[in-house]
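Right, I'll just put the structure down here and ask away after.
By written order: A, B, C and D. Residues from 1 in each chain.
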Amino acid sequence: MSLITGILEQLINGLRTGSIYALIAIGYTMVYGIAKMINFAHGDIIMVGAYSLYVFTAILELPAAAAVILTVAVCAALGIVVERIAYKPLRNAPSLAVLITAIGVSYFLQNTALLIFKATPIPFGSIINISGIRLGNINISGVTLVTFVATAVMMVGLTLFVNKTRAGSAMRAVSEDRGAASLMGINVNKTISMTFAIGSALAAVAGILYICQYQSLQPTLGALPGIKAFVAAVLGGIGNIPGAMLGGLLLGIIESLSRAYISTQLADAIVYGVLVIVLLVRPSGLLGKQKTEKV
Amino acid sequence: MKKWGKAVSFIMAASLVVASLTACSGSGETTADTTAAGETSAAAGTETFLIGGIGPLTGSAASYGISVEQGAWVAIDEINAAGGVKVGDTTYMLDMVFEDDEATEDKAIQAYNTVMDEGAQVIMGAVTSGACIAITPLTLQDGILQITPSGSAEACIANDNAFRICFSDPEQGRAMADYAIDSLGYTKIAVLYNNSDEYSTGLQTAFEEEVKAKGGEIVASESFGADDVDFNTQLSSIRSTDAEVIYVPAYYQAATYISNQAKEMGMEIPFIGSDGWDGVLGTVTDASTVEGAIFSSPFCASVDDERVQNFVKAYGEANDGAVPDQFAADAYDTVYTIKAAMEQAGSIESEDMIAAMTEITVNGLTGDAITFDASGAAEKDVRFVEIVDGAYQYREE
Amino acid sequence: MNKTSAGKTPAKYGKIVLNILITLAVYAVMMVVIQGGMLSRQMTSIIIPCCINVMLAVSLCLLVGYLGELTLGHAGFMSIGAYAGALLTNYLDMPPVAELLIGMLAGGIIASVFAVVIGLPVLRLKGDYLAIVTLGFGEIIRSVINSLEFTGGAKGLSGIGTYATYKNFTFVYIFVILTILLIANLVHSRHGRAITAVRDNYIAAEAIGIHVGRFKTMAFVISAFFAGLAGVIYAHNVGILKPANFDYNKSIEILVMVVLGGMGNIKGSIIAAIILTLLPEVLRSAADYRMLLYSIVLIAMMLFNNSRFKLAIVEKRNLKKAAEIQKEGE
Amino acid sequence: MALLEVKGLGISFGGLRAVDDLNMEVDRDSLVGLIGPNGAGKTTAFNLLTGVYEPTDGIINLDGVNLVGKKPPEICEAGIARTFQNIRLFSQMSVLDNVKVPLHHHLSYSLAESFLHLGSYRKKEKEMDERAMEILSVFDLDKQADQLASNLPYGKQRKLEIARALATEPKLLLLDEPAAGMNPHETEELMNTIRLVRDRFKVAILLIEHDMKLVSGICEYLYVLNFGTELASGKTGDVLNDPRVIKAYLGE
């Protein structure tokens, strides 16, 4: 195989993981942008989504479409519940307290899943039965194609939602200045709840695609993609939706190319190295808005 | 200003501690019950011999520790049902305490001390290599017999009081290399291993050295990290070489992802693996992805062997129909090794049992005639398992 | 919060004496229970891990509590210290205590050197960005150690002399007390005030002549030094080092101690570190439920610390204090 | 020679000229006002003087030393201290510590002494305490020395900020709207305090203020900014009667 097709194939591999990172990062970044908190448990919502899909299809034997809708609903509801119980009381607390709480929620979800489903991986067949396409020597699977499309649709849809709808402008107002937004008659609690519902629904979609891609369920499955997606969101400029998509895809490609051509051992170090360099050059990430404190 | 909050925090933490202490004493009572049962039988001329098990029951390696604990209980129940272990005039009933080490070194030390507090007379563990190495200085100091069912790193049995049931990583890696070249006839081999795991790297190093020594060629040596689930990059790299076979010295979780993704990519290069592959059929969605894979394994739950099938049946009955893996089998053999050492030594003193270890032969699940050399390593035949028609099968020599 | 009346008042001297008494009393009690064999082996083996976590928590407290910067890479510095110290003592052939002393010095210094190199560029970032970058550096350190030959890679570095066990409690205790004392002293000095000023308002701090970058780096380096020391003790307590044990979860574990201890509260950090080290051991019998309980406690504590209930308590205390001050004024 | 000399000072943000060709002189021990409508560039001028922004052109000389290109801490060391329009205290530190932080320029000890509390630590800390209490007593804050800065009432917070700035022993003190949010009574008191500060600490004061009562009451000389450029300057009485100034304030 020539070098060019080799590189092309690795690029496709990068896009494949990258689009999953991007999908998760979009939810991460939206919650951060509006609620101004690092929702460390976002990755674990993905895990909940994956297990829900498993329960609905493999155990309750519901049709795929119904199972997907129910999974999204379960995660959205979970997002709202978590926000109400764990984060809402901390609206005015220091961000560190919120971060620790989010870590607590993450541990809670993981260990609950561990108690219910045990540590042994559960095999799960993909519910997406679309045949892949072949470009010369390179095979792109159906799931990968669906993930690509889903990520792009989510990004565009979410950007439009935030910028063009009434609810979206309420979100932006809350993001800019919570106090002012509530003075203008925006229900801040409702808006933040909605943010979490949408963010968690996105996580559910990510969970569904993730599990169709990798076909194995473990209680910790959300942890690593969660961290990677967080890195992607920061890389792209946290709070910025197209930035999250860009960050996710870049992360996937960097990871794939450095594994293939530099060192598989140091790939993680390279990914974090790129993050550090980008942040040093552009402290708010690639597409993030530069914020200076007014003196 | 923060004091009050602190005070209340303390009260919360303290109440938690108290709650857990009561939980502790609760479970203490149940152990007291079993010892009470032991005492009543002691009145009938028997005593209890306590095995201290150490392994991960929580955390990412939990499944290995749980298998070891469950496999050991099958052997213990079997031995006790058959009348216990006769040492001189006394009959000993076996019992076990098993403590969680989360597969980490510092927790292993605490787990070891905990089982010693509970009066362990022999140590079965630790299950994972790092944890096992961490407790070896302590077991040496206490002069207690330590048998690890699955600690495969060489340093696990560096001391005279330490023995192991499984193969060491270098032994297994070399054996697979010999088999791949001599019996399977491969010359161009790719390796895909977990670089954050001492088991995987230990196998990979020995395998690659042996392949090169035998005149074979390692055409690619790719690695992955602890929780990786995407192996397309590495597989693409391997596909661009002229590898005839891929050696994957890893546990079945990784093997599941790898074989699945290779199939999805349309790769047709066969796989060979290590004993960690045992269990892979339980986690793949499509058995055809691992069809034809060959791996070195001392144990295979589906072979047509009466002893193995009895073990599988007993294990399943005790654990909701679970199928035992090699960890369970290693633990089962560990318990029988302990029994043999007690009988051979005619004593339950660790010193005597350690001396007896090199004299015993154990007819186990993972080997027909397991013996131990002075270094503490088990000597037994290497077996190879092939996946044929979605089932494990021993390879005929 | 911190009572700083002009000069050393008698009350202040009393506090110093009390602290010395507590230090000695803890030491005496520990020696009696260790020498007298009053503790179970399980409890004996948890003593040094408690000490290590206290050192880690107190050193991170300087960064998170007093400098006010959230870092998630503390385990990285701990691992650098641990590996540097262990490699050195493996190479040396001297009496254990001498080896350990040299190892600790080396571990601390090398960890601080890395802190300077990492801190100079990174500390320009703030808040969540700093958190993610320090997390990144922690992971970089881990994967580099994992890929190096002389650190033993994934197999780990074994054969480290277990010098820092409970039998050498006196030695370890001295370093715990030194860590606490030095950091507490620093906090109550001009340097500590400058660091706290940066936390409260870095723009104002700059305007009154504080070189913000310099003090941030100083705090970062000092914190890394003590994390390095703790790492060396860890290495010589466990006897084997594996890169996997120094991932971001370890950093989070230390961070949780500092936060539960009340952030910027050294005493709180010490107590939280001890409780959080003991808790898993005490909860051994709860095995499966242990982490679940831990997560619930974590959430509950955070919610309580920021609840209206707590606020009411604080307000009541403030009112009382205000009344007292009024009285004094009259 | 004037204490502060500013010549042709300017800065652009993108295409916007926030301050353009500003010329100022402030004499030793003088009390000078910088006034102008909102958005005239007064605070930007302060930020240029204290190094928060680097000027794109012009020179700033303090006592003959060029300050352009220096960072805020260096400018503070050179002798300019300031307060902020929106109060910036070290809110979680005690009132006393707020004033002790800047003292370390003049009463210093080494890091080793900080760690060990030995050597000159005790002596220097005592001197710091005394000096800080002395400054606090000028502002009638000595009784609240142990309180958290954030617990002080608004007016006292303003005073504490001035006290903290004075602790750096500046030659020139910049006050950014010191009377903002104060009632007439408090403003009256503040005027006395500012005069007292000038006389007691031998410091020149340049202040931004909207309260014309305060400006006319204490300033000896005024500079008026409008749209980033100097509109007028001169003796207070003259400037306040200047029709251009009145127009700028009242609008067209």
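Brief remarks follow.
By definition in this document, a contact is a pair of C-beta atoms (placed from the backbone, for glycine too) under 8 Å apart; a residue touches a chain by one contact, two chains touch by 3 or more.
All figures in this text were calculated on a predicted structure; none of them were measured in a lab.
Among the chains in view, C has its Cα centre nearest the centre of the complete protein Cα set. Farthest from subunit A in terms of Cα centroid separation is D. For this pair, subunit A with subunit C, the centres built from the Cα atoms lie 33 Å apart.
Look at where the CA atoms of subunit B average out and do the same for subunit D: the two points lie 72 Å apart. Rounded to whole angstrom, the centroid-to-centroid distance between subunit C and subunit D, based on C-alpha atoms, equals 39 Å. Here the CA centre of subunit A is 36 Å from the CA centre of subunit B. For subunit D, the set of residues touching two or more other chains reads 52, 84.
The multi-chain contact residues of subunit C, meaning those touching 2 or more other chains, are 1, 143, 146-147, 203, 288, 291, 305, 318. Those residues of subunit B in touch with two or more other chains are numbered 58, 195, 225. Taken in their complex, subunit C has these residues touching subunit D: 1-8, 182, 185-186, 188-194, 196-197, 199-201, 203-212, 218, 264, 318, 325, 328-329. Taken together, the subunit B residues at the contact with subunit C in this complex read 1-2, 4-6, 8-10, 12-13, 16-17, 20-21, 23-24, 26-28, 57-58, 99-100, 104-107, 109-110, 112-114, 116-117, 130, 133-134, 137, 153, 155, 194-198, 200-202, 225-226.
Chain contact summary for the complex, subunit D toward subunit C: residues 50, 52, 71-73, 76-77, 81-82, 84, 88-94, 96-97, 100-105, 107-109, 111, 113-117, 121-122, 124-126, 128-130, 132-133, 143-148, 151, 164-165, 167-168. Put simply, subunit C touches subunit B in their complex at residues 1, 40-42, 44-46, 49, 143, 146-147, 153-156, 158-159, 162, 234, 237-245, 260, 262, 265, 268, 271, 275, 278-288, 290-291, 293, 297, 300-301, 304-305, 310, 313-314, 317-318.
Contact residues of subunit A toward subunit C in the complex are 32, 38, 86, 89-90, 92-101, 103-108, 110-112, 114-115, 227, 230-231, 234, 238, 263, 265-266, 268-269, 272-273, 275-276, 279-280, 283-284, 293, 295.
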